[in-house]
Amino acid sequence: MRELSYRDALNEALHEEMARDPCVCILGEDVGRYGGVLQITRGLYEKYGEKRVRDTPISEAGFVGIAVGAAMTGLRPVAEIMYIDFSTLAMDQIVNQAAKARYMFGGKARVPLVIRTQGGGGRGNAAQHSQSLEMWYVHTPGLIVIQPSTPYDAKGLLKSAIRNDNPVIFIEHKLLYNTTGPVPEEPYLIPIGVADVKREGSDVTIVATSRMALLALEAAEQLAAKGIQAEVIDPRTLKPLDLSCIIQSVQKTGRLVVVNEAPLTGGFTAEVTARVQRQAFDWLDAPIMQVAGADVPLPYNGRLEMAAIPQVRDIVDAALSVCYREA
Amino acid sequence: MELSHQQLADLYYRLWLIRLFDAAARRLFMENKLRGTTHTYTGQEAVAVGACSVLRPDDYITSTHRGHGHVLAKGGDPRRMMAELLGKATGYCKGKGGSMHIADLDIGVLGANGIVGGGIGIATGAAYSATVRGTDQVAICFFGDGASNQGILMEAGNMAALWRLPIIYLCEENQYAEFSPSRPFMAVEKLEQKAAAFGMPGVTVDGNDLLAVRRVVGEAVARARAGDGPTFVVAQTYRVEGHTVGDPLTYRPPEEAEQWRSPERDPIQRFGRKLVDDFGFTSAELKGLHEQAQQTIDEAIRFAEESPEPEPADLWEDVLA
Amino acid sequence: MRELSYRDALNEALHEEMARDPCVCILGEDVGRYGGVLQITRGLYEKYGEKRVRDTPISEAGFVGIAVGAAMTGLRPVAEIMYIDFSTLAMDQIVNQAAKARYMFGGKARVPLVIRTQGGGGRGNAAQHSQSLEMWYVHTPGLIVIQPSTPYDAKGLLKSAIRNDNPVIFIEHKLLYNTTGPVPEEPYLIPIGVADVKREGSDVTIVATSRMALLALEAAEQLAAKGIQAEVIDPRTLKPLDLSCIIQSVQKTGRLVVVNEAPLTGGFTAEVTARVQRQAFDWLDAPIMQVAGADVPLPYNGRLEMAAIPQVRDIVDAALSVCYREA
Amino acid sequence: MELSHQQLADLYYRLWLIRLFDAAARRLFMENKLRGTTHTYTGQEAVAVGACSVLRPDDYITSTHRGHGHVLAKGGDPRRMMAELLGKATGYCKGKGGSMHIADLDIGVLGANGIVGGGIGIATGAAYSATVRGTDQVAICFFGDGASNQGILMEAGNMAALWRLPIIYLCEENQYAEFSPSRPFMAVEKLEQKAAAFGMPGVTVDGNDLLAVRRVVGEAVARARAGDGPTFVVAQTYRVEGHTVGDPLTYRPPEEAEQWRSPERDPIQRFGRKLVDDFGFTSAELKGLHEQAQQTIDEAIRFAEESPEPEPADLWEDVLA
């Protein structure tokens, strides 16, 4: 099958959806003429013109608000917030307006809005450009939250997000753009809310999101060398979460490690841990292990940053520990 | 822009509809039949009615926490509004929104809003949407003088001006923001000066003069529809009642509101006199319209009170489409 | 001992701290002449004048930003965000600036800022005025998060928050202002990061925050009538969390119910559940039960709102279930 | 405001210090010794040096993502800055902040900032703080033309005007915001027009003329110190290099930057000529100052490269006080 980068897969998804539906439009800083700081919107301005591909001023609250209003009135905007850290400037528009409009209005509004943004650390961008804020949005009723880890998932899920009638927070990872993987030429969609078993195994379940899914696969290789077969599950959609896929796996393995890059406290690993301990209590042979970011703002220095973000080694150690094996 | 006798009568009727709706809302609130807070539009009716009188049903408005008047002026159904205030299943929001969240997407009402300034982005987005879809729809964004201090106004206003969006930013200078006069919180002398920073024309109008509002907003709407971009309109008026129902109004002299309730200033009485003096209406006709409005409100209350509450299972509906 | 309302206890704390330290100042909407929408700042403007008690325009991002800058330059501002829902407008200032300044600057800045705000449902204020957003802040390294449930705690913790050198998110509950309780005349402080055992018991541990602590105490009464002795713990400080107090209790009772008003998914109950299952796995005789808000924006209608927020009955049922008793 | 020969020499030296610091940063970045992104201030040096030349050490500034120039102009230590860029324990932030977060609270530098517009609230708060503490300190808030579209500018500006805070909002109109020209994103004709909406005086100055910047900002600072409130200053200049180091600059014609690098426009050469023509400096003197700056930078690089990395345990330090 054809190989594409995560970047190109996203770009292709946007091209296809804009061609399919004249209501799809793009807003954001430098998304037009320049093609996006990360080049995800490359070529769209030339093809669809400035009405549908709007370069905006540096006004996150304003252009996200505009996207919300546009979504309520017949468009399907895809707004790009360059770094998820800047979504802090548009929180009212995302959380109080987009997420709640439908419910507050008794089901009358549709808000088919996609906010594409990018999170995570690892490039030395320091504390204001490296956050993993997915849990704020997972905690907000009325939003869908997606974090793809492969080019294939990125394309299929972005297309589904655009066609979905709800506000979707679509979070890419800055270290994934140059990764490559198979992406079919034929059109396809990936359903929202369905996890993907990235590797099958019987000894321990590893649930890992976004870039952490790739690290979990590496960890699984190392574990295999030690005779431990890890099942790696990428939820892909954090909300709604495909819990049954995870539960089924845990019923098989009896052991669970959850990996997420955000700071441990209040993070996604806690959410999965809580759900699984309740629904699969009797199947668990060991406490669930959480592998998560350090509870610190991300530091600039490379050594420190590595230490603040889960590494393959941490996942391996956690898996060994739930299998009651020495590291 | 010439108005027929029937159209003028309808405007007068709508002024009363708003006044009486809010009087009823106030009473029901005091009787503990409403929850949360309720903000009345009393004294400002001519702004919403005058402005919405130049809109088509498919044009958009966004409203505020003080939203009853805007929704009624745009053609909202008083029965479903009253039912919403009472939290009933027949309400506009099936009882989930209450006073601060009434919306009617079918007539372009993109929602009252509990966030001060919360409608500014949405209205601007509706105007942007019209340009992409190639319609000639227009949006009016209602907001208060207090709200004019929210930064998103500059952000959205700038984009509206750049993109020549069909929108009117209609600031109701009712002289108060919550429990404080609004003027001491703005460094500009006149609110319309802000328009300069947003790169659009600014104009001030007597908000208690329905026909003046209609004229000024009408020009702005015509410009917007023709693709000539946004306008910032400041309608000067007065919040005759408290910020919320129940506000003891300790922070302002009672005489002040009394003056604004006087026949000289009250927007309904002013418009009524105009109708008699310049448009051949009789007092009896006016009385009839007033009574008709009262009947509509009474019927709305009856409808609302007789309506069922939502079912417990409704809690889980409408989170996602 | 003297009885005070939660409102008056908070007001007294502000009076005492402003009298003690001329660097304490107040900013917010209607906090000055009017004394605050909830009258928490009553009397301060008259005593300390408009420089130290600043009525601000409706500009949450602006005045919180000003408070951050003031905190970095020698003041100890107490900014009031009228409803926690409006903190969405100031997220950049809270999360990217206040919370991170010290770390990003290598420990050079101090940001002794208190953001007083108010959350929770129960009064029919609907979706944009009823949120419980504490977890966003708990998930943010660099912040302290406090939620007092009694007048005594409110006063003692607000005073400690003001004296603390870090940004503190101090979250009151709209249904607690009129509750009363003993508050000594003598000055006192309550340390940040220390939980309070509100009731001792040996059969089940109930951890509950803010107003939910009061409901948990009611639930404990009803459980006592059924012969179950519940220990009720109010963490008071959500971050840093006094986990050892909770663990000790669970080691005694073997059973845990966690109660928090926010939507279940991604909420505080998940965080406590995850920590306890890991540290006290072998002591647990039943899965930990989470009692939390429904995953919906809060509805206006009273019946629906009650159904969306945990009630005493839900806590009793959860406690019975972890004790394997019929409801 | 009369400047001694020594003071003038110092200003010239500082211009070069900034230019050479950024040249070194660029080189180190290209050698993969820096992480994240690095933004150079090249071509804008006269703005920071001119503006900071009227400040006292206890006055405040807030800076931006393009912060090296501001910090150096306010008196920052090039060694600790360079060490920070290299992520070393001896850096201003112990290696935790990097290029975008350099701060020196001891000399009133309240931080570079990775959020466009992120310093606006902080600077305004520092000015507010000075009034409460009863000092006559002043704050300068540096931000870009792109940043002027962030709503917090209107919010904070309004409060600064209302409360007559001692602050200068110094907008550097360097004609670009990231990978786009900045002008097409502002609906106002001249940036200074925004000042009207914030209720404060606005003034535009040639940002490549150090003494002009010094004069205009000097007047604003004097007014601020006297309690007469804020000023909005627009310094017109040009971002000679890319948005970040490594920017291929595909979106603008190379001649454009060349013109701004020319002796007629380059702020350092302009100031140097002025020193020779009007203040009796010799070319040799200028050359000496230039070389001295180069030595300082070389020594800073040496210091930085020889400095130790932070210890792993440092990760957990400095989260809370």
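We just call them A, B, C and D in the order they show up, numbering each chain from 1.
Simple rule for what comes next: a residue touches a chain if its C-beta (ideal position, glycine included) is under 8 Å from a C-beta of that chain, and two chains touch if they have at least 3 such contacts.
These figures come from a predicted structure and were not determined experimentally.
Q: What does the chain connectivity look like after leaving out chain A?
A: Remove chain A in thought and everything remains one piece.
Q: Can you tell me which chain lies farthest from chain C, using the average of the Cα atoms as each chain's centre?
A: For chain C, the chain whose C-alpha mean is farthest off is D.
Q: Just how far, in Å, is the C-alpha centre of chain D from the one of chain B?
A: Roughly 46 Å, centre to centre.
Q: Suppose each chain is reduced to the average of its Cα coordinates; what separation in Å results between chain B and chain C?
A: Here chain B and chain C have centroids separated by 36 Å.
Q: How many angstrom lie between the centres of chain A and chain C, each centre taken as the mean Cα position?
A: About 30 Å separates the centre of chain A from that of chain C.
Q: Chain A: which residues touch two or more other chains?
A: In chain A, 56-57, 59, 61-62, 85-86, 89, 92, 96, 103-104, 126-128, 141-142, 294-297, 299 touch at least two other chains.
Q: Hunt down the residues of chain D that sit against at least two other chains at once, touch-wise.
A: 93, 95-97, 101, 113-115, 118, 149-152, 155, 158, 162, 184-186, 319 - these are the residues of chain D that touch more than one other chain.
Q: Looking only at which chains touch which, which shape fits best: line, ring, star, complete or other?
A: Its topology is that of a complete graph.
Q: What part of chain B is in contact with chain D in the complex they form?
A: Against chain D, the touching part of chain B is residues 149-155, 157-158, 161-162, 184-189, 193-200.
Q: Per the contact definition, I'd like the list of chain B residues that touch chain A in the complex.
A: Checking each residue of chain B against chain A gives 60, 62, 91-97, 101, 103-105, 110-111, 113-115, 118, 120-133, 151-152, 155-156, 158-159, 162-163, 317-321.
Q: Once bound in the complex, which stretches of chain C touch chain B?
A: Spelled out, the residues of chain C in touch with chain B are 29-30, 33-34, 37, 55-59, 61-62, 85-86, 89, 123-129, 294-297, 299-304, 307-308.
Q: List the residues on chain C that touch chain A in their complex, please.
A: So the residues of chain C touching chain A come out as 61, 85-86, 88-89, 91-92, 94-96, 99-100, 103-104, 126-128, 135-136, 138-142, 239, 241, 262-263, 265-271, 273-275, 277-278, 281, 286-290, 294-297, 299.
Q: Mind listing the chain D positions that touch chain A in their complex?
A: 34-37, 84, 87-88, 93, 95-98, 100-101, 113-118, 146-147, 149-151, 177-180, 184-186, 251, 309-310, 312, 314-316, 319
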